[in-house]
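Next come two complexes, and both contain subunit A; in the first it sits with subunit B, in the second with subunit C.
For the complex of A and B:
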């Protein structure tokens, strides 16, 4: 596929997204689409660090929680615009991520994942059990509501859901553009090297802590903006929904199943998993609590077994073949020089 | 060739009850190819890792071009002008051969085009231009080894440490590698090489040093060193030397 084709495909997809509210008038459907884009945004933010470094975080929801709480508290307490609150929340989350990341980044494999769960849970439990801190009302597990203060862009409040749709669509485009740019930057190359082999990357002058922390701070910042969006959109925030483990798992799974370490993978994962979760929650949640998690598990097993590179990989191949057919060429795709000998995994000492 | 590039001065390292390296001292001159020999467990790789910054020494001092690099982290050692390859080749999978070389070039330049040019020049040097866009995972074992050498060179090192470069290679590939390393030296890079294959060491090294049980036991021209009784004893045991005497 040529860059020109890619550009045309992406532009038309974006235009279709922009036109969508013009044809879609059902409030519930718009709401569902917003949730899909919101999850796509969060998964993309998660992917920014975890997908490229290959370290799995199950604690990213804490950043979304920090963003959500910051924007709500600054609005109710100080009367700040939620936009400004989101920015403050983003910076707070970035600082927190560096504080958590600095001691844990040097851990490898499952230890990093476990530590992120522990940190996120500690902070969530603290929020759930704290009603007032320094005179600020957190209201513990009960959560905070966002008061209606009139509809305007500055106040981040609208009567219709359509403006929210455009906001989250814009945020998604921004995070994906950042991912695309990062992939091609020095940071992206270094992260991929660290993912490939940390020792070898170090020997080539790359300080892994520095680069992974930079990516983590970016990822936490973006995740916090997502949390702020959610709080303003739902007009309610509590520790369980906005910083619970379930949300962290959603982000990680969507990114992994869609294709981590790619620009479009997390969105594909969200397009697939978010409706699945929504449907099971709506139709079966009443009788079988947690069934959607079991379904997630099943999907994950299938994905790991048959699509280890995520959904994006086979989709790309299908698209490539279709494209080749359209052009009248053969359907084999680009010819790669075939290595004379099969690759040996880890040659003998 | 009296210009000292690397100076290792009474360096020591202990792992629990094992004194892996005890008071190791040697010098490496600019433009030289120095072979580091020794039976398994002699402490070669430990010494190597200490020089490259992967292990901090317990005692002693290591200086590169007169600058103290003792205990510095690998990325700082790399920036000081030292590059290394690994015993098991470790190219970055999921990245093309060219991208692998671009990573190293980024140490010295932020300019994407210049790092790409550098990578292409090195691919040509390795005779691998045709494989530039192939994923490193799909290369043969020997090609991966060459990519690793190229990647180390892409950082523009003054000193290159190579750990068992021909392990697992066919004799023909081994001789290709010997030719490459000679040309690496012609590029102005000094080489310290750990190698078990005698043919490679003998045809490549200007000088060899031999380690045994963490200590240096010989230093000299390859042909002289390999006939020294203490070296033979280290490799083959007391019986061999007695039988030969």
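For the complex of A and C:
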């Protein structure tokens, strides 16, 4: 697949997404599509750090919760626009992520994953059991709702769901562009080196803590923006839904099943898994609560055993083969030249 | 604060702690031998609790009797989960070294699958199962103690002692300990490592199955009950030292005492925040745990 082909494919896909609300008039369907894109966004944000460094975080929902609470509280308490509130929430989440990440980054594998759960649970339990802090109403487990204050872009409230669709689509494009740019930057190369072999990377002069924390802060910032979007879209926020372990696991699952450490993997994972949740909720109602999650579990087991690189990898091979056939070339597709020694530029001080 | 109330809290904490230690035993054993974090540990506990519930409801069998059926059944379940789900991952990796993170994800998948299958099968309702044991409290040194908790605590201690003896004395126990120390050397000495893995996983599940039946009379049974006990078990295992049987009990008792006494001064959720904080602190400062060797 040539770069020109990729460019054309992505552009046409994006145009199709932009045109979608013109043909899709059903509010409920648009809601479902928004949820799928929202999960794609969260999975992509998770992937920014975890996918590239190879450290699994099961505590990312805390960042989305912090973002959501910041934008809701700033709106209801100070009358700030949710756009500004989301930014404040993002910065708060980034600061929090560095505070959590600095001591825990040196833990490896499962220990890191378990620690992120512990941190996230501490913050969630605190939110659930705190009604008022410094005179700010948090309302504990009950949660906060966002009052209707008229429709306008500044207030992030619209009568139809279409503007929300475009907002989350834009956010998704932004996070994927950031991932794409990061992959090609020095940061991305260093992160991959750390993922491959942390000790070797360190011996080359790459500071693992610095690079991982930078990626973590970016990831937390983006996750928090997603949390604000969700809170303003649903107009309700509570610790269980917005900060719970389940949300963290969803983000991680979609990214891992789609293909972590790639630009499109998390989106593929979300496109595959999120509709499962929407479909079972719509057609089976409360009859089989848990069915979609049971399927998630099954898919995760199969993916870890048989598709350790995620769904994107086999999809890419199929596409490559089909493309090669179209061009009449050999079935293997264009071979990338493999350098004998992977160059890691700079940083060897 | 009244001394009587504090001592009473300490007694309760001691029993809850021994129970937590007993629940964590299986996790610690699997962690120590297979070097994988079994995220589905709490789910196996939940399954055993439902087993006790249904045996009582359908067959009228007391939870304390269903232990005898649950333990072998859970052993078989664990054996097959290891054989058909985790085994292939271990076989795929060369030299039997599993990338810990894929194993964690795999068991996380098992946890999500089991918990939600249970939710679909049994519904979200909170269940409880009665026991034929009518005496609900025992007087020990002037303190009324909950009989069910006393039984669970004593059973946990007995199980830890039994498993330690079994590991020390039998051929299979020796093979398990050898595999835990160095699996390559064990394999070269003729130990059937995959079989040892299956047995270890089965044993871990059987132990958590015993505890599941024993706590069923006093812990509300829901499909989600597993995760909170699972997380508690991680805390206990990390605190006590991974793979250490005694450490698991000590870790459990420390957490139980800590939460029970602390909740006399602060609200219970704050106490659980402290024990999560303790977990993080131990991982950062003393990763080998209280009883573990470096």
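Methods note: the second predicted complex is superposed on the first by the 323 of 349 C-alpha atoms of A that agree within 3 Å, B and C clash if a C-alpha of one lies under 4 Å from a C-alpha of the other, contacts with A are read in each partner's own complex, and residues count from 1 in each chain.
We take it that contacts are C-beta pairs under 8 Å (C-beta built on N, C-alpha and C of every residue); 3 or more make two chains touch, one makes a residue touch a chain.
In this text, all values refer to a predicted model and were calculated from it rather than measured experimentally.
Once chain A of one complex is fitted onto chain A of the other, the partner contacts of A:16 are absent, as it touches neither subunit B nor subunit C.
When the shared chain is aligned, subunit B comes close enough to touch A:192, but subunit C does not. Of the two partner chains, subunit C is the only one touched by A:125; subunit B is not.
After overlaying the two complexes on the shared chain, residue contacts for A:202 are found with subunit B alone; subunit C is out of touch. Contacts of A:297 after superposition on the shared chain: subunit C is touched, whereas subunit B is not. In the superposition on chain A, contact of A:133 is made with neither subunit B nor subunit C.
When the two complexes are superposed on chain A, none of the residues of subunit A touches both subunit B and subunit C. Contact residues of subunit A toward subunit C in the complex are 54, 56, 103-104, 107, 109-111, 113-115, 117-119, 121-122, 125-126, 128-129, 245, 249, 256, 288-291, 293-294, 296-301, 304-305, 308. Those residues of subunit B whose C-beta lies close enough to touch subunit A in the complex are 52, 54, 73-75, 78-79, 83-84, 86-95, 99, 102-104, 106-107, 110, 112, 130-131, 133-134, 137-141, 143-145, 148, 151-152, 154-155, 164, 167-168.
Listed in rising order, the residues of subunit A touching subunit B in the complex are 184, 186, 189-190, 192-193, 195-197, 199-207, 261, 336-337, 339-344, 346-349.
Touching subunit A in their complex are the following residues of subunit C: 36-37, 85, 88-89, 92, 99-106, 108-117, 119-120, 124, 223, 227, 231, 234-235, 238, 267, 269-270, 272-273, 276-277, 279-280, 283-284, 287.
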